[in-house]
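Structure provided below as structure tokens; questions to follow.
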Amino acid sequence: MISTLTPPRTVTYREALREALFEEMEADDRVIVMGEDVGKYGGAYAVSKGLLERFGDRRVIDTPMSEALIVGAALGAAVVGGRPVAEIMYMDFVTLTMDALVNQAAKLHFMFGGQLSAPMVVRVQQGVGRGAGAQHSQSLEAWFAHVPGLKVVAPSTPADAKGLLKSSIRDDDPVLFIEHKGLYARKGTDPGREHTVPIGVADVKRPGVDVTVVAWSNMVHTALDAAELLADDGIDVEVIDLRTIAPLDMQTVLASCRRTGRLLVAHEACQTGGLGAEIIAQAAEHLHGLLHAPPRRIATPDVVLPANTTLERALVPDTDAIASAIRDLVRS
Amino acid sequence: MISTLTPPRTVTYREALREALFEEMEADDRVIVMGEDVGKYGGAYAVSKGLLERFGDRRVIDTPMSEALIVGAALGAAVVGGRPVAEIMYMDFVTLTMDALVNQAAKLHFMFGGQLSAPMVVRVQQGVGRGAGAQHSQSLEAWFAHVPGLKVVAPSTPADAKGLLKSSIRDDDPVLFIEHKGLYARKGTDPGREHTVPIGVADVKRPGVDVTVVAWSNMVHTALDAAELLADDGIDVEVIDLRTIAPLDMQTVLASCRRTGRLLVAHEACQTGGLGAEIIAQAAEHLHGLLHAPPRRIATPDVVLPANTTLERALVPDTDAIASAIRDLVRS
Amino acid sequence: MFAPNPTMAATETDTETLSRLYRELLRIRRAEEGILELLLKNKLSSTMCHVSIGQEAVAVGVCDALEPDDYITSTHRGHGHFLARGGAMSALMAELMGREAGACRGRGSSMHLVDASIGHLGSNAIVGGHIPIATGAALWTALRGEHRVVASFFGDGATSEGIFHESVNFAAVQRLPIVFVVENNQWAMSLPWAKSTAQQSIEVKAEGYGIAGVDVDGQDVLAVRTAARDAIGRARRGEGPTLLGLSTYRFLGHSRADPSSYRDKAEEEKWRLRDPVLLAHNLLMAHDFDEEWFEQVDRDIAAEIAAAIEIAENSPPASIGEVFSDIYATPLEGIR
Amino acid sequence: MFAPNPTMAATETDTETLSRLYRELLRIRRAEEGILELLLKNKLSSTMCHVSIGQEAVAVGVCDALEPDDYITSTHRGHGHFLARGGAMSALMAELMGREAGACRGRGSSMHLVDASIGHLGSNAIVGGHIPIATGAALWTALRGEHRVVASFFGDGATSEGIFHESVNFAAVQRLPIVFVVENNQWAMSLPWAKSTAQQSIEVKAEGYGIAGVDVDGQDVLAVRTAARDAIGRARRGEGPTLLGLSTYRFLGHSRADPSSYRDKAEEEKWRLRDPVLLAHNLLMAHDFDEEWFEQVDRDIAAEIAAAIEIAENSPPASIGEVFSDIYATPLEGIR
């Protein structure tokens, strides 16, 4: 279809994040950015490029290699009035920050009788795609869905990334903001300046009637590709992008399943104990007798990820694997 | 029933653990114990009392307050030939050791092409019961079920505690050994010297035909008490004690559910993202159409635990709560 | 390293200050004795309770040197820090008894005290867990040019935690306005200071971070106050952090269940002679404060504590309903 | 802190040693140049690859001072440590190319090298993650009275990690036979050493832990070797750990994608003059080694590398099947 209108601007996921940071820092001088190599280097995945030059080293702080301190100090700054956005370079290094996140940030508001709160964001990046190996490729979102007091988001598109980052920065609770190394270069519509996306609301990225596929982060695109493939076979797939990992928007998921009668959850994290388990469990609890087929998960098997792009590709569910899982589901 | 036989000796859970340590240390001089206050103090929950006196300070090592080091150094000792048993005083402090456990110990065998292995045990203690509050009461086993390469156990009785600790020490992989502060004083049959319990095998603690209840650690006893209550009402409950958290023995669980047609998982960890999700999910995947009622979880709600025994008691599922959940399940 | 000497040095003759400090030392001592009584009567809501009896001069000397706008963070052994910073006696007692009138509305008990209105940013049950929080508060206040100072109290044991190192190192690089107060009571549970570290001088440790450090008699409230004022002054002038090493002693067990059987009785007795309350008392006597004055202080304190316990007892127990609604500061529609 | 001087000190005239060291320096240099070529040809199995060009004297000087039974642990920038310790060239190349003949059977790539048979306990992609492992190995070997020594290599950046502190502190308290080798290449990605810490002398840092420490020219392979021998000797004699500070420089970017635009070109050039390979070369020339000798060394090394790459290319790619069976060392019945 040819149009005479100017096409909407497109941006990459990386640019969308950077714009959200720029705009929020401009709008609110309490917003600061801190982490390893976030300044002149511009962040390991180049998200914070240009921030130092624009906002100076009082608001864009290169820290020593001290992950626990980064999150703990962000929390301290948040408690006394700041709105820090801390960056932890790889999700795998979040292992070094668990006390600050889990025992401190998540608990502080309740534990201290509501006197303190922690308006902070911790940006991390996870997932496969670079053969980065066992210690640089893990997807660990499920842990944080099991920590009351945290909010956790994992956007899949530039628009959602921008909108959710803005909402996360404006939120008064600690938000773990999960990016994916495979998404930074992905393009999408530029949602413009004032776009926000509410935390806690899933998004139907593709409506369909035959089967509900739930995914988040990079896996949303694999699921959408699978859905395209299957459209040719006359299978009409609904793809739900969770967007928020905690708190889960199960209303949207359950409503969809009630319509389609079939549920597949696709995720990159290893299967056992992944977030898929929670989604399937809630579906089983709430949809007894309403599903036409057993609910299913497709996920990376319970392995240690090799630093080897060939093996990596063979392990993580791809378009074909998801498509074939959906076919099985629809047939059964 | 009166018997003329000598009754079997009983031991507490604490004594059973201590005996396992004693016996394994006597049998194998590669077994060492390390952690905070494990020496003269005998451990915060008195499990290692007497070990220092018997084995000396080369095999019973009081460390500084350095949790990450404790687990990391245990790993280092394991790699070069030791069989260390490290103690982390509260599960909540495992947050400080996640790199060593998750990125290192769990991954090392595979990552290094099988050249190295990590025959080590990390003993921790979790759960409520002392009004110990948000940072000393968490149950976090679900995180570790999501980490390929770890083995995780959580025994509920003295005999299982002893048998599993021995198996864990003899195992060539890293084992997270989860105790519960409410269990140490609990008495049970002394299984004797050579008793071991295999990792990865659940135990039917009470056979029954009407409903399957899956629990582990302290919650097993609450479930058994609930089962006793319900026996009077003619409801015959099967209680499965998982014993091992990872790898899960779902064969035993699924076989039971096939017989009873009803499944309840009871756990102390907060509900969302807990291990109950995985169990329900696998049941839903494998038992479609075979359950007479929706599978159910009963767990602590998604809250930050207060340091207040009254509130604590009101939040964590007790015998009555489990009994009434079972009643609902049987009726539906 | 500091070697304790038998008497308190009368380096300061300002008796107004000294009497204020004495009153505060005794107030904390009596409050904790009161808490131990409540504990024996089973009136506490939690089984966790660590008193700081013997260590009061640390809390009192440091807090006396702070300005109202400054911040503190504190430990599992934090009753003294809370009171010395100006926390209400009733908020403490009610918290320990699990009441709504408590500092944390009865949810935190002994290890979690807080009063944001006086810059008390919370005590923490994770040893070392609050040190980066204090550092972050210092970072923020420095970035804003507010001239506030943060004092972070922690024990000798905490210095072995990685987060101590990361925090001090970062504060040093950024020259943050923070005083790291090492409340060195010689023991971390059963671990003596000599087994916590092979370098027992805090001053030398500080050099390893390129910052100021001192080893001070932590039983001498005047010496503590003087050293704290120096450190706080440096911080406020933008000269960066200080490691303030204060040698003190925990007179009782680590927690209520601990008979300290790992300690040498002679060591205990030696330190008992250096009771900070007694030392201040003696110095006041030397400055001609009379029995009547001391008795009046006793009475005032006893009355305050009794009133606080009464307020606590009349306060409703912590509410279960808000356990659910208070998890998030910004609740979301989506939550169930 | 060490200030680099323009030439290498001929403190040692043992030309046999010097020629051995030179050969090893060049071997590592050429191997990494070869790796960069493979990278450009897209022959590596992973996108992660950090070369140590410019830093070779650290690996070579330290490893030369170790005994066969000793242990090392290494970093994300560990090709040099692996080769200097005696790892096979073909195991390195095959690992990077994702082949079964690789050190980790093609599963680890550049950041995970290992060879248990020569006491190489693994390199690590978590900065600092291996330091406690090294410490634990030292603990074990000390407990057993084995007289082995552990050398743990890590960068300047790693010294800010909490686990560095916990490890050094514990090793100091226990007087463990370990050498903490600070491979200080002045930068942690874009962070200069001066922003990593306010105390840039490793010797002074060591005092903070109550252990020995030295600041040494890390471009002078003889100086490195001498300091390492001292430290290893102390460790082996039961005199405890050393912090061995070696000043060096990474000539290229942090990783392949990094143009190091945060660095001053003048600084880079200054350090280029202190190329460890060149310095050793010059010293050998001063000791009358001739062109022919150098050419022969070049040829030997080129042949070794070519042969290694051929072995790698002929090795089957890492097998997918064992990704499942090799998760546990003791597989269990119950696993699915």
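In this document, chain identifiers A, B, C and D correspond to the written order of the chains, with residue numbering beginning at 1 in each.
In the analysis below, contacts are C-beta pairs under 8 Å (C-beta built on N, C-alpha and C of every residue); 3 or more make two chains touch, one makes a residue touch a chain.
All figures in this text were calculated on a predicted structure; none of them were measured in a lab.
Q: Tell me which chain's centre, taken as the mean of its C-alpha atoms, is farthest from subunit D.
A: Farthest chain from subunit D, going by C-alpha centroids: C.
Q: Would you say B-C or B-D is joined by more C-beta pairs in contact?
A: B-D
Q: Between subunit A and subunit B, what is the gap in Å from one C-alpha centre to the other?
A: Chain centroid spacing, subunit A to subunit B, equals 31 Å.
Q: Which whole number of Å gives the spacing of the CA centres of subunit B and subunit D?
A: Centre separation, subunit B to subunit D: 41 Å.
Q: Round to the nearest whole Å and give the separation of the Cα centres of subunit A and subunit D.
A: Result: the chain centres lie 36 Å from each other.
Q: On subunit C, where are the residues touching two or more other chains?
A: 106-108, 112, 124, 126, 129, 160-163, 166, 169-170, 173, 195-197, 323, 327
Q: Check each residue of subunit A and list the ones that touch at least two other chains.
A: 64, 66, 68-69, 92-93, 96, 99, 103, 110-111, 133-135, 148-149, 248, 302-304, 306
Q: Help me check something: in the complex, which residues belonging to subunit D touch subunit C?
A: Residues 160-166, 169-170, 172-173, 175, 195-200, 204-211, 240 of subunit D touch subunit C in their complex.
Q: Where on subunit D does subunit A make contact in their complex?
A: 45-48, 98, 106-112, 124-129, 157-158, 160-162, 188-191, 195-197, 261-262, 317-318, 320, 323-324, 327
Q: Would you pull the subunit C residues touching subunit A in the complex into a rising list?
A: Subunit C residues touching subunit A: 71, 102-108, 112, 114-116, 121-122, 124, 126, 129-141, 143-144, 162-163, 166-167, 169-170, 173, 323, 326-330, 332-336.
Q: Help me check something: in the complex, which residues belonging to subunit B touch subunit D?
A: Going by the criterion above, the answer is residues 32, 58-59, 61, 63-64, 66, 68-69, 71-82, 84, 99-100, 103-104, 108-119, 148-149, 151, 171-173, 198-201, 244, 247-251.
Q: Can you tell me which positions in subunit A touch subunit B when the two form their complex?
A: 92-93, 95-96, 98-99, 102-103, 106-107, 110-111, 133-135, 140, 142-143, 145-146, 148-149, 246, 248, 269-270, 272-278, 280-281, 283-286, 288, 291, 293-297, 302-304, 306
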